[in-house]
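Some structures to go through are shown next.
Same chain, two partners: chain A is paired with chain B first, then with chain C.
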Partner chain A sequence: MLEALYVLPIVIVVGVALLLPVASVVAHSFTDWQPGYGSPWVGDRNYAELLQSDQFHQILFNQAFLLLGIPIWTILPLVIASLLHERVPVPGVFRTIFFFPATISPVVIGILFTFILAPTGPVNASLRAIGLGGLTHNWLVDERLGKPVIIGVLAWATLGTGVVIFAAALSGIAPELFEAATLEGANWWQRLRYITVPSIRSVIELWIVILLVTLFVGVFPWIYSLTRGGPGYSSTTIDFDIYQNALTFGYFGLAAAEAVVLLVIVALVVGGGALVGRARRSMA
Partner chain B sequence: MVMTLPFIYPFVFLVATALKPLPEFNQDSVGLPAHATLENLSAAWNEASLGPAIVHSLIAVGIAVVLNVALSSVAAFWFVRHRGRLATSLRWTLIATMAVPAPVFIVPLFVQLSVWGLTDSLVTLGVVFAAWNVSFGLYLMYTFIDALPYELTEAAEVDGANSFQLLRKVLLPLSMPAMATLAVLTFVWSWSDLLISIVLVQDPSRRLVTPATALLADQYSTDIPKNAAGVLIAILPMLAVFLFGQRFLVRGILAGVGK
Partner chain C sequence: MNMNLTKRPRLALCGIVAVACLTASVALGASRSQQATELTVWDWGSPSPASMKELDTAFMKLNPGITIKRVHQPFNSYFTLLRTATATRKGPDIVENYASPAVFDYARALLPLTSYRTAAQKKDLVGWNLVSSSLSASGTPYAMPWGGQGIVMYYNKRLFKKAGLDPNKPPKTWKQFLAACEALKNAGIVPIAEGWKDGYGAEWWIDTLSSQYMSPSELATVGTKQNWRSPAVRKSLELLVDLSDKGYFTPDAEGIPLFPDTLNNFGAEKGAMAIGLAANCCNYQEFRKAKVGKNLGVMEPPLVPGGKWATQKLNYGPGLSWAITRWAKDPAAAYKFLTFLGTPAAQKMAFKSSTVFPNNVKTRAVTSDPIGAKILAWVATKPTYLGIMTLMRAPTEATLDKLVPQIMTKKVSIEDALKQIQATADKQPKIPTK
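Coming up: the complex of A and B.
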């Protein structure tokens, strides 16, 4: 019985820091939450307000737009991992270079990119230097460019982790498969298409699930450092808006409803990913 | 190879900018510094109180690392030996909290901790960092201990070891590689965090290094060289951790995807 002491601490820590807050946020999403004061029950008013608000529609549109990044964030590391796998003498060195950004805080990388993309920064300076001055922009305060720029910065930041994961998966494929295909005259693209992708399909699916979850719950530091959700709400995401609503504006009830929406999205993505995995396994 | 240039250039640019006087940067943001100076570094260091901030980060993150490794290993040991229906569903519940993201729990947690008077505390922050990472820790340690040969514990039990001796003398020493992986990952993830630390520690005199860097660059300041110096100072400890712990980071990430 004394052995229960081995699990008691973890149960208490997780219970107090994670599970109680989840219960609290669900309950408070149905109230006009005023911490320190009464929180009167308002039924589904917070949810109704979200559904009708133009800002929330814009936020959902932004999240949908960012989904366009998923193919880029998947294909880029896959192609690089397969190039490293087949053609490079010292793959470890290259992997190290790509992987280092994965160690740095997202917000710190975001700040670094605000310098690079600043009006006087190297991107605009290079464009001017090669006579393309007409293409210079104030990249981070342009309503049309904010989201594509975020997708680009995330492509840079997620590459290393993707390469590490795909490289490990690739090393599990029998080299004879590639050799045989090369002898039969398959080119690099055909080997990628017909050997690599089918062999590591489950890892690719898992990577996509990780990206999807990150896209909904882990973009806060990127938005905070790159655009602050602006101009207006043109690059605000749900996780950034939760922070903003609760900590900046004091709309705790709305923030709670948004947190519940996030929780449901994560459950759907993770559950959906598990179902796809199971369906494919049962077909195989 | 050309492919790596976009991944090296931002860091070359960062170092060059951090060493450039502001007027020179405004003339030429691309080139190497002609009149290199350490003034940006000392200005950033003083203005953002980066010295104390690094100490605060080390305290909170240190608590998180020790607590996470301890809680995860001990609980994993218990779960490997208890596989009843109740214990199994408890294990799955704890591991499933991996899917509870910080944006969901941070607001209610902040409200509750304010009521208890526990905000603005590095100890609280360390415990929350640990709770945030402990589901992954349990998953990692359980998978590792579960895969150890059964004969090892059997032999010790035949020799009359109790569960505490078994844990201390046999399993913990064997689990060192997994614990090192977990320690490095917890360090990097907690050190990098912005959302949790910016909400739970709002007192400027207890700020951690990541939010301090973010806020230095935040104040509508156009002094890019000074902000770059702040970013450089924030990155250097991570470079050290990376060079020393890359192996563990890679191993941990691959364990996370079941490899």
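Coming up: the complex of A and C.
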């Protein structure tokens, strides 16, 4: 009984800071929520509207498309961290350089890339200057390019954090393993595949989970500053649409329903991933 | 012991003095706070901050007991912030808005002004109908209309001349307009400086073009019955897409915002024509400061082919409004400020400093700028109208703006886009009837 009292503070904190707001959002998702004013009960109308909405289907597709970025955002920092670990003198300097984008606000990165990728921006100007004018595009306004560009910008923005995390994990591997493998004639790729990846698998999994959660609940600043979800809804993500529905359109109830859908999706993706990981470990 | 006896009365005396001082200062502070009222006013930086500061200062001089705390919010997030304030019932005492039904998107936060408005104000200030329930001048006012605004086209006389066009005879009909665009294009000049990224440019085009296809009754009820699927709106967009197909707009316009890039491009002579506003911002006064400066000309948007008008009318009406929030600390003081803004003296000041055209019928604006004088003459003599865009609600505008680049690049058909815009318009809370 006394033991239960010890955990009471954290139960209260979690309950007040986490569960109550979630319960509130779930309850409001069944209303025509007008914060501060009367919010009549509308049953499942908000959910039905989402299910029938072409825009919401497009948003789900966008979200699924961005999942294609996960391998890039994982493999790229892993390879760079591995190269820094094995081949580069004073790797700390390079780690600092790579980490630099992580210290910049996403909004600043977004605004920066808005200029870089503008029709008359440096990317198009450079392409024209080297005779590749045919490759110039309206990078942020072309429906086909909006999402790949976001994946590219996120690759740049997340690279530094990934490199630092993987570098820290790599430093925990016994150097003898690499030396022995090198003596046995293993090349860099073989060392990466048979030593590095298995040794830091749990860190890689953690990184992927962080990316997944970020992808669903944390890309708002990039979307807001880069494309505003456009053109149309072609680059809108769920978190951006929640903001848009609530604060641009004033559809707070619909935004609450969307938040609940987002919560379910994140729970399924992260929970599913955890189950797969557990099953794989128990098999091993 | 003796020392203690003398110390106690001293301590008691000090205590009494301290308490007295404290009480006096609290009382003084309270009386001061009773006298001074601070009103927080939100705007989006237009009219210019300098102009608003001048007005605020003049008001505070006339009303020493009231302090104006001006907060210039960024335009891009202004309405989001206003919605947040509405939801939390906290924030400014007075807010800027358009003089349009967009006011009703925040109706829950706004104090009805019926009991404050005087008969003279009702008579002298134009535009009460646009901010009152049922869009009727006799309805409940939710804001005070302020200033006049219109949509006109500006052109560059030097570039017209360079293309072999008469700089003093801008095109009036669509045929003449297309011929001018072609001549400019052939001379290597971008005929129309434009940017679709933020949607505002398209809004102004739609307003001036679609209205010409509307019957008088359709145009008269465009505020209460927003029919975005009307043939008039569709035709206006078809004309825009046709101009785009002919290469008359700035290349890659879908990636360029109107504010500020397009307007800067026109100012820098990177386009011969541009659609702009008569007052407040992106108007002749601002273009005068740019490279286009002395070569600036103003024209009416051309008459559309197959339209219902024989001669051009002026797209002009009340531009802005000021509203008092329901949580305002001192609504009477807030209305005093609104009253001041509506006076001829304040409107003259605003016109002089920031070209806010007056909406008080007793105010006569005068300017030495020939372009400004020409627009003022149009306002005085031409029949005016307000189109579907001027009278749309905030969510409808947001949906339209999102779709504009896709419409102009034909990624979304005009029909599909208008269907989406109509769906948003239909979802809006009704305009209050009380």
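The rule is simple: the second predicted complex is superposed on the first by the 247 of 284 C-alpha atoms of A that agree within 3 Å, B and C clash if a C-alpha of one lies under 4 Å from a C-alpha of the other, contacts with A are read in each partner's own complex, and residues count from 1 in each chain.
Keep this in mind: contacts are C-beta pairs under 8 Å (C-beta built on N, C-alpha and C of every residue); 3 or more make two chains touch, one makes a residue touch a chain.
All of these numbers come straight from a predicted model, not from anything done at the bench.
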- Query: Touching A:F252, do we find chain B (first), chain C (second), both, or neither?
  - Reply: both
- Which superposed partner A:A118 touches (first chain B, second chain C, both, neither): both
- Just chain B (first), just chain C (second), both, or neither: which does A:L140 touch? second
- Query: Of the two partner chains, chain B (first) and chain C (second), which one does A:V107 touch, if any: first, second, both, or neither?
  - Reply: first
- Query: Looking at the overlay, does A:Y37 come into contact with chain B only (first), chain C only (second), both, or neither?
  - Reply: second
- Query: For A:L268, is the partner it touches chain B (first), chain C (second), both, or none of the two (neither)?
  - Reply: neither
- Message: Going by the contact rule set out at the top, does A:G229 touch chain B (first), chain C (second), both, or neither?
- Response: second
- Message: Contact-wise, after the overlay, does A:A169 reach chain B, chain C, both or neither (first, second, both, neither)?
- Response: first
- Check: chain A residues flagged as touching chain B and also chain C 35, 118, 120, 246-247, 252
- Task: Name, in rising order, each residue of chain B that touches chain A in their complex.
- Result: 1, 3-4, 6-8, 10, 13-14, 17, 25-26, 28-30, 67, 71-72, 74-75, 77-79, 90, 94, 97, 99-112, 114-115, 127-128, 130-132, 134-135, 138, 163, 167, 188, 191-195, 199, 210, 213-214, 217, 224, 227-228, 231, 234-235, 238-239, 241-242, 246, 249-250, 253-254, 257-259
- Task: Please name which positions on chain A make contact with chain B in the complex.
- Result: 3, 6-7, 9-11, 13-14, 16-22, 24-25, 28, 35, 80, 83, 88, 94, 96-108, 111-116, 118, 120-122, 125-126, 129, 156, 159, 161, 164-165, 168-169, 203, 206-207, 210, 213, 216-218, 220-221, 224-225, 238-239, 242-243, 246-247, 252, 255-256, 259, 262-263, 266-267, 270
- Given the complex with chain A, which residues does chain C contribute to the contact? 79-80, 83-84, 86-89, 105, 108, 197, 251-252, 254-256, 394-395, 398, 402-403, 405-406, 409, 411-412, 420, 424, 427
- Task: Under the touch definition given earlier, write down the residues of chain A that touch chain C in their complex.
- Result: 34-37, 55, 118-120, 138-141, 143, 228-234, 244, 246-252
